[in-house]
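Note that the chains are named A, B, C, D, E and F in the order they appear, and that numbering of residues resets to 1 at the start of each chain.
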């Protein structure tokens, strides 16, 4: 019975490459990893958006309407639905003049209990120290 | 030279734009370049918008990123069809940075 | 009406640059222009048969085939394709393959060349 | 000796990131470590059969197959591959294909995870 | 009988992507384009290295020895061998503290007559105005 | 945390490195990151080298780019095998910017 903790750090804007999308879909796959593991063993995925990466979290992304592509917004909602820990750096939101009103904070419409946590960078540093491995996107 | 410059990223890793000379210069913001039309870092608009040029931003790419609300007044929001018309009617050369 | 030669290059597959190029080609064709489309580097992935459409990934095979039906001429860099394991027998029907001089020849009588490079 | 899980991602194919990853995997295996190698996004191009070696292009199929002979375990993201038209029947022999959870499962008991993302 | 002039501008460092290599191999292909054209018609390719792009021109690149890959250096020599006009921005060389001694200037060993021209950016601007189409890499 | 940070580009488009905190920090320059070990722009070495960290640069990537001659004295030139040893013996986490 062991748990391996992974920290996913998203530092870049969405939609340039598949970078952000792959970060979130890989983090989500932590929910099905048990098929490969022994009973009781776990892999957890915490996600933090930092720097330009906070722009991934803006509301009202029309990627599906415009390009037929799942939006980062809906991937974040999926993460919440699957009870992943999603953090957004407060200092970076402040830098862009963004508040909790501008970003995805919950996925209530899908019945998710988890909400996005807007936290100072120091909290994200703590997460980075706490996890076993870091994956920067 | 009437030059249309396509800016497709927010953090440009080239300084070419500062050095291009054209009688008529158009800057067309596409893909992640559209953040230049909306982002305010520490309250300031992108310094790109200080250039002496006509500015355009692609509507589809603004909407994809959830940015339609806050476009700078210097920037005209355009469609793919408008880009085609600009290329053929207003400018004679295009570059993609 | 004019002729537009688009070249989409290098390392932006899986990004939105191919999506952008295809949409722009579509808009130009709608307006009655002739469009030549050259894909080089990783953009040659556009030429391979049997791409599956998922909502999480850019799915461009169908729109490209529709544009080919409307007169789009599209050509992949042969060496770039071969290096990636894309051969003649797994290339989409009517998707041409030529050496790089095809792109320059297309530019010869183009009214506009739109080279989408970047990184 | 330890276990190293390498993940090579996203839009850097045709760049040197895959070359880097393959050389690093080789160095780790030389030193007696176990290496799991996960390719996702455009890096899944590494999995397709019939890549031709030209001097102008990174030619990694042969070195990868040699490393597989020395015990390298290598797996492509199935969805990323399918979206690009890489199916089971055009995948290099013994190159595995799994869903993304394979990468995380490999990380479970890895001593080191080296995630090569970037753009 | 017409000539279409293309300007290839290389603004980025080599070896990150295939970017620079594709610039040079495509420019070189101007030498075989006549097969598609009428007698007397031509396509010319001028090449200019600017900004970080001047780092492509450094001597003694060991890409073949280290990665089995043709170096940018040898592609530049091929361009000279085929009489392409190759320019390098002087201001950018100066910025990096580089001189003609540090960069590929000729391909004498292959019998090329052409040499690389180190020119001020204003010359490159003139080329950009003079050509029919620009291709930025 | 003992952190090895791999810098693979010369013009970084992220500011993460400035904010990372680690008891022990190693910066490993690979791919186009190796220009940080050699380039002097307007006479000044890369500001990256002002950080408080141990610096390494990959020999193969220096040589590929024609840079072997001018490596800054703060930077230790290493092989692929050395990277493996650093990862397993000196640091406990790796990140790629």
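Side notes on the structure shown:
Here is the rule we go by: a residue touches a chain if its C-beta (ideal position, glycine included) is under 8 Å from a C-beta of that chain, and two chains touch if they have at least 3 such contacts.
Nothing here was measured: the structure is a model prediction, and the numbers come from that model.
Any chain touching subunit D that also touches subunit E appears here: C, F. Among the other chains, E has the CA centre that is most remote from the centre of subunit A.
Taking the CA centroid of subunit C as reference, the farthest chain centroid is that of F. The chain pair with more C-beta contacts between its two chains, of B-C and C-E, is C-E. Mean C-alpha position of subunit C lies 37 Å from that of subunit F.
Subunit C has its Cα centroid 33 Å from the Cα centroid of subunit A. Mean C-alpha position of subunit E lies 29 Å from that of subunit F. Shared contact sites, meaning residues of subunit D that touch two or more other chains, fall at 10-12, 14-16, 41-42, 56-59, 80, 112-113, 115, 117-119.
Chain contacts: subunit B has residues 8-9, 11, 13, 31, 60-61, 94-97 touching two or more partner chains. Residue positions of subunit A touching 2 or more other chains, listed in rising order: 12, 15-18, 25, 52, 67, 133-134, 136. By the definition given earlier, chain contacts exist for A-B, A-C, A-D, A-F, B-C, B-E, B-F, C-D, C-E, D-E, D-F, E-F. On the side of subunit F, the complex with subunit E involves touching residues 8-11, 31-32, 35, 39-43, 60-61, 63-68. Subunit E makes touch with subunit C in their complex at residues 2, 4, 6, 12, 16-19, 22-23, 25-26, 28-30, 32-33, 35-37, 41, 43, 45, 132-137. Residue ranges of subunit A in contact with subunit B, taken from their complex: 13-16, 52, 55, 58-63, 65-67, 71, 73, 95-97.
Residues of subunit D touching subunit E in their complex: 12, 14-16, 19, 55-59.
Within the complex formed with subunit A, the residues of subunit D that make contact are 7, 9-11, 40-42, 80, 99-105, 107-110, 112-113, 115, 117-119.
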